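Order of writing sets the chain letters: A, B and C. Residues in each chain are counted from 1.
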Amino acid sequence: MNPLFFRKTIIAATGLFLCVFLIVHLSANCILLLPEDIARDLYNSYSTTLRESPLIKIIAYVLYASIILHAFYALLVTLRNRKAKPQKYVVNHSNENSTWTSQNMGLIGTIILLFIIVHLANFWARIKLGMGEEVRLDDMGNKDVYEVTYNLFQNIYFVIFYTLISIPLALHLHHGLKSAFKTLGFYHKKGLKFLAKVSLIYAIIMGVGFGIIPFIVYFK
Amino acid sequence: MTLDSKIPEGKLEDKWRNYQVKSQLINPANKKKLNIIIVGSGLSGAGAASTLAELGYDVKCFCYQDSARRAHSVAAQGGINAAKNYQHDGDSVYRMFYDTLKGGDFRSREANTYRLAELSAPLIDHFVQQGVPFAREYGGTLVNRSFGGVQVQRTFYARGQTGQQLLLAAYSQLYKMVRAKKVEMFPRSEMLDLVVIDGKAKGIIVRDLVTGKLKRFAADAVVLATGGYSRVFRLSTLAIGCNGSALWKAHKKGALFGAPSFTQIHPTALPQSSEAQSKLTLMSESLRNDGRIWVPKQKGDSRKANDIPEEERDYYLERRYPSFGNLAPRDIASRAAKERIDAGFGVGRLKNAVYLDFRHAIEKFGLETIKDRYGNLFTMYKKITGIDAYKEPMQISPAAHFSMGGLWVDYELMTTIPGLYAVGECNFSDHGANRLGANSLLQASVDGYFILPNTINNYLASEIKTDHPTTDHLEFEKAEKETKAHIERILAINGTKTVDHFHRKLGKVMWQECAMSRNKSGLEKAITQIKTIRDQFWSDVKVTGHDKEMNTELEKALRLADFIELGILMCTDALEREESCGAHFREEYQTEDGEAVRVDKDYSYVSAWEYDNGDFKLHKETLEFEFVKPSVRSYK
Amino acid sequence: MRVTFKIWRQEGPDDKGVIRAYEVDGLSEDMSFLEALDHLNELLVLKNEKVVAFEYDCREGICGQCGVFINGRAHGPHDNITTCQLHMRSFNDGDTIIVEPWRAASFPVIKDLVVDRSSLDRIIEHGAFISAKTGTAPEANAIPIPKDVSDRAMDAAACIGCGACVATCKNSSAALFTSAKINHLNTLPQGKAEEHKRVAEMTFQMEIEGFGSCTFTGACEVECPEGISIINIAEMNARVVKSKLLR
C-alpha cells in the first residue's frame, strides 16, 4: 500500500485501539474512588486477574505493539511531512484556519509518550518487572497495587504531573479520535458530525477522569 | 488573391458528410511520422491535441500559462448549446443553425454554421462520456436552460462553471495523451513567431517564459488555438494574459485576418470602479433568464434601488423588445444599456451601470431555486462588490468580451497559409457579426474535437511525401533572429512610461471609438491616435530587467506592441464597413428608433485583410445565401 | 490609502531569497489586491527596478493561477476566496502586508512569488481522465445520473487547482486536490470502469511528488476558494482501501 496511506492507517488503527484501552483503564481507575476498604481488595484482585489471564496477556502485547507502532509511524509521518515543507512561512496565522491541536499532534504526542515512560516506570516496572522496591502482598495474597498507587499520589509533584498531563491527553484524543475515522475512510457526512461530538465528549471524560483521580487519591 | 472557402457540394445537411467522404486519409503508420504543433491549450487546443494524438499524430502543445488547465475557456460560465431537443420545445439542427446565422446578422457562411449546429448534439454525448457533471433532473436526465437570442431551451450547463468543467475535461484528455507519450506539453511557453517555408507553415519560435530562451519547433502543420483578442480594449472580461500576438505574427507572415472589427460587448459584466482596474468580471448571461434589467425612469435618480417603486422603473429591454425581453441578443442588450447610461439614467457610484434584479424571480421560484441555479455567481458577486444580490439588485455594465473576428479560415479551418490552421475563438468562422450566448464553448469544442481532426489529414496526406522540416532551416534562423531583435529593441528604448500606461491609452481610444457604436470621423481619429500611441510606445516605453529571465513586464510589452497594430486594423475594418450589422454598429446606419441598418447589397461579404508592410489590403469573400434568405434581424 | 508591502524577492530557484519592504501610496479601497501589486510594479519600473513576479490570469477566481500567502493566510485574510478576489478594502490604511510564495517541497520557487505547480499536473496525468476516445460516446441521456450523484460529482469537480490546500497545509499534503479529482470521476458512472486503477495511480503519484500526508487539520477546506469539503479526503481514503481489496 502507498506509504502515505499505510502509515496513517496504522496510526489511526492503533490510535483507535488505544482509545478503547483508555476506556477500560479509566473504568478500572474509578475503583480508586471507592472507600478504601472496598477499593483496595477490588483493585488488587482486578490487577491480579489482568496479569494472569492469558487473553489479557495477548491484549497486553497488542497494547505494547500499538503504542510502539503508533509512535513509530507518527514519527515517520512527521519526518516525511516536514520534508514536504522544508521552508516555513515568515508569518503563518494557522490558528485562523485550524485548531492549535491539529497543527501540533506530534508535539502533544511526544509529551504523552514521555508521560507513558514515566507512568510505566511508576507502575509497570515495579509491579510486573519487579524493579525497585518490592511490592507487598495484601491480605488476600494479591500484589498490593493499591498501595503503590496510593503512595505515589501522596507525592504532590506526581499528582500535579499526572493531572497536567491529562490536558494534552484530552487534546490529542479529541483530534485523534475524529481524524482516525476519516483516515480509515469513514465519510458519511452526518456520521462525521456525530463523531466529532462523540470525540469531544470522549476527550472531556478522559481528560477530567484521568485528571481528577490523582487529586482525589491525594486527599483521601 | 482569391479566397476559396472550399464549401463542399450538396444540400446543407449533406455538406459535412460529403466532405468527409471525399477527404483524403492517412494510414496509421504514416500518422506517427507527422508532427503537429498546437498553440494554446483551451477547449479547442486541448481538444484538438488530444484527439489528433489519439489518431496517432505526434503532437506538441504550447501555452503561456503555468498549466494547460488555466486557459481562458475555463471562465465561460453559462453553458453550451446543443440541438438535442430534450425539452421537446421544437428545437432542431436547422433551427439552431438559423438562430446562429440570424444572431450573427447573416455575416457568416451557411455551411459552417450548419455544421456547428449539426455537431452540437454529439458533442454533448462526448462531454458526458468524459465525465462532465452537467446539471441533471431528479430523474437523471440532462437539464437545459435558455439563453440570449433564442426561444428554445438548448443550453446545457454545469452550475455557473460550464467552461471550467468542459476545459477540465479537455485538459484531462490532453494529459491522458501526455501520459501516453503522444503529446508533449510545453507550459509557460509563448509563441513569438511563425515560420513559413516555401509558403507553408512549418514551425514556430517560442520564448520559454521561465528562462527567456528562444526555442525553435518544427512541424508538418501548425494549429493556432490562441483565443480572442479583446484585451485590445485593455478592460475586458478576458484573462490578463490573453493576447493577439500569435494571430498577429501569423497575419504578418501572410495569413489574412477576417472581420477584425467584429468584437462583442457583453451586456452583463461588473461596472468599472476605478482607473487602476485591470479587468471587468463577467456575470453570466444566464442570469438574464430570471433577472430583469431596469433603470430608474427618472434621470439621475439617487434613491437606493429597493426604494424605487415598481411604476418608476424602466424595464427597457422588455419595453423595446417585447418578444425576447431580457433575453435579447448580447449586442442589442449592450447597446440598449449604453443608450440608457449615455442618456443619464445610469446607476451606481459612477452612474455607469444598470440594475439586474432578481426580486421577481425569488418571489416566483423561491430563494432556494435561485440559489441552486446561480448560487456561485451570487457568491462571486458578493466577493467582488461586497453586495448581497439576493437582497438588492446587481449592478451590471457592458464590457468587451468575445472576438468574432480572427484569422480567416476556409471550411477546413485552414488559414490562407497552407498548413496553418486556426481553431476556436481565434478564427473567423461561425458567428458572423455577433455570437450567441453559449455558442462559444460549442464552437471551440467542435473545432478542436470534431472538425480539425477530420480536415487536417486532407492537407497532411500530401505532406508525407515532402521532406520533414528541420529547425536548422534558414527560415528558422531568420525568424529567431528577427524575434531576438524585436525583444532587444523594446528593452533598449528605456523610456519613461510603463507598458500599462500605453495599454490604458490604447484601451481608451478603442473603447471610445471602436466598441459598441462607431462612426466615420471617430474611427478616422482613432487610427491617427493609435498611430501616435504606437510611435510613443516605441520611443518612450520602459521595461526593466532583461530577456534571459522570467520577465512579466517584457511579456506584457511584446503583447501590447502587437495589440497596438491590431487596433489599427480593427478601426480600419470598422471604417470600411459602412453598415450596421450585429456587434458592428455604425451610427450613420440606424433607423429612427436606433435599430441597426444592414446594407446587404454592398456588404454581404467577409472582409479579409492582408498585411502589406504596415498597411492593410482588403479582400472580400462574398457570402452566398443559398438556403436562407437574409432577413432584417428583429427581436421585437 | 497607503500600505507597506513586505514581499518575498528571489531572483531564481537557486537564489536564497529575502523579504523586501515597499511603501505604496495612492491605492484605493476598490482596487483588488493584484491591482495594488500591478501599481507597485509600475512604480518599480519607473524607479528602474525589476518588477515583482507574481501569477494571475483570469482575475475572476476560476483559472487558479494566482495564489500567494498574504499576512499568514493562503489567498489572504478571508476564507474560501482566491487572491484575485481579495480587495484592498480588506486592509486598513497604514497596514503592513506580508506576501510570500506558496511553500512546499513540491512547489519550488521559480522567481519571487511564482512557484512551479507542475506536480499537480502530473497527478492529473496519472489517471484523472476517462480513457474513452473522441467519437466513441453513446447518447448523453442513455445513462441517467440522479441529481444528487451529479451534484456530488460537481462539488468535487469545482477544484480550480490553485494549490492553496497544499500551501496552507503544514504537511504540504495534496490530499484535498487529489481526492476532489478522484471523487469527481469515481462518483460518475462513466468513471467506474477505471475507478480502482485511478485511485491507486493518482495517490501513488502524490507520494512520488513528495507531498506530505493528510493529518486532518482542516486548514485546506477553509482556504479552498471553492470550499471543497475535507470529507472528500475521507472518501478518497475509503477508495484507497477499496482499491487495495478489489483490484
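Assume contacts are C-beta pairs under 8 Å (C-beta built on N, C-alpha and C of every residue); 3 or more make two chains touch, one makes a residue touch a chain.
The structure displayed is predicted, hence computed values, not measured ones.
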Most remote chain, CA-based centroid, reference being subunit C: A
Most centrally placed chain, judged by C-alpha centres: C
Two chains joined by the most C-beta pairs in contact, as defined above: B-C
CA centroid of subunit A to CA centroid of subunit B, Å: 63
Mean-CA-position distance for subunit C and subunit A (Å): 37
Interchain centroid distance [CA atoms averaged], subunit B/subunit C, Å: 26
Interface residues, subunit C side, partner subunit B - complex: 11-12, 28, 30-32, 34-35, 38-39, 41-42, 44-46, 48-51, 53-65, 81, 85, 87, 89, 110-111, 114, 116-118, 120-121, 124-126, 128-141, 143-147, 150-151, 153-154, 157-158, 160-161, 184-185, 188, 190-191
In the complex, subunit C residues that touch subunit A: 19, 69, 71-73, 77, 79, 98, 100, 103-106, 168-173, 200, 203-204, 206-207, 210-219, 222-223, 230-235, 237-242, 244
Residue numbers on subunit B that touch subunit C, as the complex places them: 47, 50-51, 54, 65-70, 72, 74-75, 84, 86, 122, 124-126, 128-131, 133-142, 158-159, 161, 163-165, 168, 171-173, 175-176, 178-179, 185, 187, 210, 237, 239-241, 273-274, 276-279, 281-282, 380, 383-384, 386, 449-450, 453, 496, 498-501, 542-545, 549-553
In the complex, subunit A residues that touch subunit C: 1-5, 7-9, 77, 80-81, 83-94, 96-99, 102-103, 105, 175, 178-179, 181-187, 189, 192
